[in-house]
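Dropping the structures in below, format is C-alpha cells.
In the two assemblies presented below, chain A is common to both, partnered first by chain B and then by chain C.
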Partner chain A sequence: MFSFCTDPATLSDFAWMACYLTTGKHMSFYYAFGTVLVLLAITAPTALAFGFAGASAARSRFLPLSLFGKGYIAIVRGVPDIAFFLFFVIALDQGLEYLKHQWVCPDWDQPVRQGNDFIVCQAAKVPLGNSAQWVHKTYSFFVAVFTFAIVFGAFAANVLFGAMRAVPRAQLETAEAYGMTQRQTFWRIVVPQMWVYALPGLSNLWMVLIKSTPLLFLLGVEDIVYWARELGGSKTPRFTDYPHGDWRMWYFLVLLVFYLAFTRVSEVVLDRVMARLTLGQATTGGEAQRRAEA
Partner chain B sequence: MKKMILTTTALALTAGMALAQSQTIRMGTEGAYPPYNFLNDKGEVDGFERELGDELCTRAELTCEWVTTDWDGIIPNLVSGNYDTIIAGMSITAERDEVIDFTQNYIPPAASAYVALSADVDVASGVISAQASTIQAGYVAESGATLLEFATPEETVASVRNGEADAVFADKDYLVPIVEESGGALTFVAEDVQLGGGVGMGLRESDTELRDKFDAAIQSMKDDGTLNTLIVKWFGEDVDTF
Partner chain C sequence: MSCAQTIMDYGLRSIGIGERLLPRSDFTLCQQFTLIGSGLVWNIYFGVIALAAGFFLATALALGKGARSRWLRKPSEWFIFIFRGSPLFIQFFFAYFLFLSLKSVHPFFDPFSSAWAGALVVLFFNTAAYSAEIFYGALKSIPRGDVEAADAYGMSGWPRFRRVIWPTMLRLAWPGYTNEAIFLFHATTLVFFSGFPAQQQKGDALYYARYFADQTFNPFVPYPILAAYFILLTLVIIGLFGLVNRRLNRHLPAEQRRKIRLRPNLIR
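Moving on to the complex of A and B:
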C-alpha cells in the first residue's frame, strides 16, 4: 500500500502497523464489513416480505394455502439453522442446475446422479464453470440472501401471524359494520395496526439476524468473523511479511465493538419507529403518548 | 444497458455450448493450512499446493481458478459440482475413497506428530486436539485419548498454547514451522505416527477423464524431479520425497 512497506521487518512499530493494516488481506476484511451490511440491508426487507406472505397465507380461509403457510412456519422454525444452511443451499443449487440442464441439454444421455456425484452438462452449471470469480461470488451472495430470507421469514411470519391476531377484535367489527369487505378490512385495518404489536418481536429477529452472519462462510461468502479468525491466528515469518502471535482477541474485540455499535444504532432507530407506530393506537404506549401531549 | 445484458447472455450461452473443451477447472482448497495452502498477505491462495496446482494445470493444459472453502463442506461441495478438484493437503484414505476419487499421491505418506507445551504429556490418555474430519481426529478417537475437535488447524494449536488441550495431533509438515518459530515453547512429544496413503488431489468419481489428466501431470512431475524440488522448497530438506 505505502511505498515504505517493501521490507516490513525493518520498520518502526507505527509504520509496521500502517503497512500491516493495509495488506490485501486486511482490505478483504474491511470489504467484508460492507458485504455484511449490504447483506443485512437486502435480507431484512426480503425476510419481512417472506414473513408477511407466510403470515397472510397461514391465516387464509382457503385450507391448502393456510396449511402451506403454517407448514412453512413450523418446518423452517424447527430445523436447526446450520443444517438448513448446509443442505438447503446445496439442494437449491442442484435444483436450479437440474432445471437448467433439462432446458439447455435435452439430449444428454447420462444420469444426473451417479453414485454420490451430481452431474449436469457444463452449459447447465449455475453459474457457468468458466465465469469470472465475481460472478460466482455474486451468485453465492444471493443464494445467501435467499436462504437467510427463508429462515428469518419463517420467524417473521410467526411474529406477524400473532400480531395480526392481536389487533383488537372491536376494530374489525367496526370495519365490518361500516361494510368493508374481508380484503378491505385486512389492508386498511389489520395491516396498519398490526406493526405496533409485531415490532418487539421483529426487532428481536433483527438483532439475531445481525449476529448470524458467520453462517455466511458455510455458503462460501467470506464474512467478518471468518476474516477476523484468519487474520488473528498466529503467523510464522515463513509465510508472511508480518509475523505475529495469536491476535484473535484483538480482532474479535474489534468485532465486539462493531456489533455493539450496530446494535445500539438499531435500538435507537427501532425506538423511533416504535414511537411513530404507537401514535394514536389503543395501546398503553399510545395512551401514554396521548396523555403526555394533553 | 439492456443490450449489454442481452449480448452477455447470448455470449454466455454460446460460450457454454462451445465450451466442452476449454472449461475452467475450479480448484477447491482450504487456505488455512500452511505450508500446504494458505492466504498470503495479499489475500491470495499461496503455498505448496498453489505452486503445484498451477504447474499441474499448465502441464495438463487446463485453465484453473482457485476457490477457498470451509474444510467441513469441502467434500459435499465437490460432489455437488461447485468446484472440480480438492487440493487441500487431503490424505488418501479408504473412507474418503468411497465417496470421491483420488489421483496418485503428490506427497508421500507422511508422519503425523504430537506437539505439546512440555515433554511429559501422556498422549495415550490426555486431551488431544485435532482438526475435525481429518485422519488425525479419527486416529485420536481410536487411541483412547480424549479428542478435542476444532474447525481450523490454527485453533488446534491455539488450544494447546492456552492449556485447553494437552497436545495437538496433526500433520508433521504443518507442525514443524510452528514448533520452530515458537521459541522453545512448543515441543514434539511421543513417537511420530504414519497415517494414510499420502496426499492426493480429490475429484468426483465420475470425472475419470480429469483425474487421468492430473494423474499424468503428477507422474510427469515425479519423473523429471520437479515435484521433489517443490516439496523440498516448501517442506525443507528433512522430509520424504519420491
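Moving on to the complex of A and C:
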C-alpha cells in the first residue's frame, strides 16, 4: 500500500504495523465488514416481508393457509436456530438443483438420491460448475440472505402476529360499523396501527439479527469470522513478508468491539425512534412522555 | 447389526465410551437416533451447570445493577452489556484463543482450552448476564407495598432481602427465566462450532447431526431428529420450571398466578 512497504523486515514497529494492516488480505477483511452490513441491509426488509406474509397467513380465515402460517411461526420455537441455518442451506441448495434438474434434464433416468449421494445432471448444477468465481460467491451470499430471511421472517411473523392482535378491538368494531370489508379493515385499520405495538419486538429482533451475523461463517461465506481466523493464525517468514505469532485472540477482540459498538449505536437510534413513535399515543409510554413534559 | 447393539456401541459415544469409530457408510435410522441422542449429554451438561452456577452470579449482578453505589453499579452494567451486546459465537472464539494464549503463561489454564471447561465458563458468564437483566427487571417491579410491609415488620438488610425481596423477585422473573433456560440449552449447540475442538469426535447433538448431514448429503433426516430431541428437552425444562413456578406462586390466589409463556430469546 505505502511506498516504504517494499521490505517489511527493515521497518520500525509503527511503519511495520501500518504496512501489515494494509495488505491485500486485510483489505478483504475490511471488505468483509461491508458484506455483513450489506447482508443486514438486504435481510432486514426481506425478513420483515416474510414476517408480514406469515402473520397475515396465520390470521387468515382459510384454514390451510392459517395452519401454514401458524406452523411457520411455531416451527422456530423449541429448536436451536443454528440447526435451522445448517438445515436450510443444504435443503435450499438441493431443492433448487432438483427443480432445475426436472426442468433441464427431463429424460434423466437415474434416481437423484443414490445411497449417500445427491446426483443431478451437470447442466442442472446451481451455479454451473464452469461459472466464474464471483458467481459462486454471489450465489452463496444470496443463499445465506434467503436462509436468514426465512428464519428471521418466522421471528418477525411472531412479533407482527402479536401486534396485529394488540390493535384494540373497538377500532375493528368501528370499522365494521362503517361497513368496511375484512380486507379494508385489515389494510386501513390494522396495518397502520400495529407498528407501535410491533416496534419493541422488532427492535429486539434487529439486535438479534446483528448478533446472528457471525453465523454467515457457518453458511460458507467468507465473512469477518473467516478472515479473523485466517489472518490471525501464526505466520512463518517462509510464507509471508509479515511473520507473527498467534494473533487470533486480538482479531476476535476487534470483532467483539465491533459488535458491541454496533449494538450500542442501534440501541441509541432505536430508543429515539421509539420515543418519536410513542409521541401522543394512548399507551403507557405516551402517557409517561406527556407527564414528563408537564 | 441390531438396534440394541447399536445403542450399546454408540449410546455413550459422546463421552468416549463404546465404539471408537463412527459409522462410515450405510447409516441406519437407529444409528442416527442413538448418536445424536448421545451427543445430547453434552448439551445437558453445559446447560445444567451453566444455569445452576449462573443463577447465583445473576442474582449478584442484578443487585449490583440496582445498587446505589457507582462502584457496584457500573461494573455490573458493563458486564451485562458486554455479554448481552456481542454474539455468543464471537465470545466463544475469543475465549478459546484467549485461553490458548493463557495456557503458555500458566499450566492452570490448560483445561480451559478444551470445551468442557472453557465453553462452560463462557456459557456461565453469558447466562449470568442474560438472567441478571431479567432479575433486574423483576427487582424494579417488586410492588412497593411488599417492601413497605417488610419495613413495618422491622425487617431490614439481609432478613428483608432473604424473606421478601428475593422470593418476590424470583416469582416475578420466573416466566422470563424459564425462557432464558430453554434458550441457554439451545445455545449450547454453538460450542463445537466455534473454536473449541471436539476431541476424538466427542461432540454434542448438533455435531453428530452435522456429521450425518455431511456424510449423507441429506439434511432431511438428522436435523429433524435433532429438532425432535430438542423439543423433548424443551418440554422437560418447561415441566421442571413449571413446578418451581407453582411453588413460588403458592401463596397467591389462582387467578393472580403468573403463567409461563414460551417466548424464547432467539439467537444470542
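One rule holds in what follows: the second predicted complex is superposed on the first by the 281 of 294 C-alpha atoms of A that agree within 3 Å, B and C clash if a C-alpha of one lies under 4 Å from a C-alpha of the other, contacts with A are read in each partner's own complex, and residues count from 1 in each chain.
FYI, a residue touches a chain if its C-beta (ideal position, glycine included) is under 8 Å from a C-beta of that chain, and two chains touch if they have at least 3 such contacts.
From a predicted model like this one, the values you see are computed outputs, not experimental measurements.
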So, after the overlay on chain A, do chain B and chain C clash or fit? They clash
(request) Could you tell me if A:246 is touching chain B, chain C, both of them or neither one (first, second, both, neither)? (result) both
Exercise for the section: Identify the partner contact of A:131: answer first if only chain B is touched, second if only chain C is, both if each is, neither if none is. Expected result: first
Who does A:120 touch here: chain B (first), chain C (second), both, or neither? first
Open item on the list: With both complexes overlaid on chain A, does A:205 touch chain B (first), chain C (second), both or neither?
Closed with: second
| task | State whether A:260 touches chain B only (first), chain C only (second), both chains, or neither. | result | second
Once the structures are superposed on A, label A:39 by its partner contacts, choosing first (chain B), second (chain C), both or neither. neither
| task | Could you say whether A:149 touches chain B, chain C, both of them, or neither, answering first, second, both or neither? | result | neither
Exercise. Once the structures are superposed on A, label A:218 by its partner contacts, choosing first (chain B), second (chain C), both or neither.
Key: both
- Thinking of the overlay built on chain A, is A:234 touched by chain B (first), by chain C (second), by both, or by neither? first
Both chain B and chain C touch chain A at residues 86, 90, 94, 116-118, 217-218, 229, 246, 248
Counting only contacts in the complex, chain A reaches chain C at residues 77-83, 86-87, 90-91, 94, 113, 116-118, 155, 205, 208, 211-215, 217-218, 225, 228-229, 232, 246, 248-249, 252-253, 255-256, 259-260, 263-264
Listed in rising order, the residues of chain A that touch chain B in the complex are 23-25, 27-28, 86, 90, 93-94, 97, 104, 114-120, 122-123, 125, 128-131, 133, 136, 217-218, 220, 222, 229-230, 233-234, 236-243, 246, 248
Per the touch rule, the chain B residues reaching chain A in their complex are 12-13, 15-17, 19-20, 22-26, 31-32, 34-35, 38-44, 46-47, 63, 65, 67-70, 73, 76-77, 79-82, 84, 99-100, 152, 154-155, 157-158, 161, 177-178, 180-181, 204-207
In the complex, chain C touches chain A at residues 25, 27, 81-82, 85-91, 93-94, 97-98, 100-101, 182, 186-187, 189-190, 193, 206, 209-210, 213, 215-220, 223, 226-227, 230-231, 234, 262, 264-268
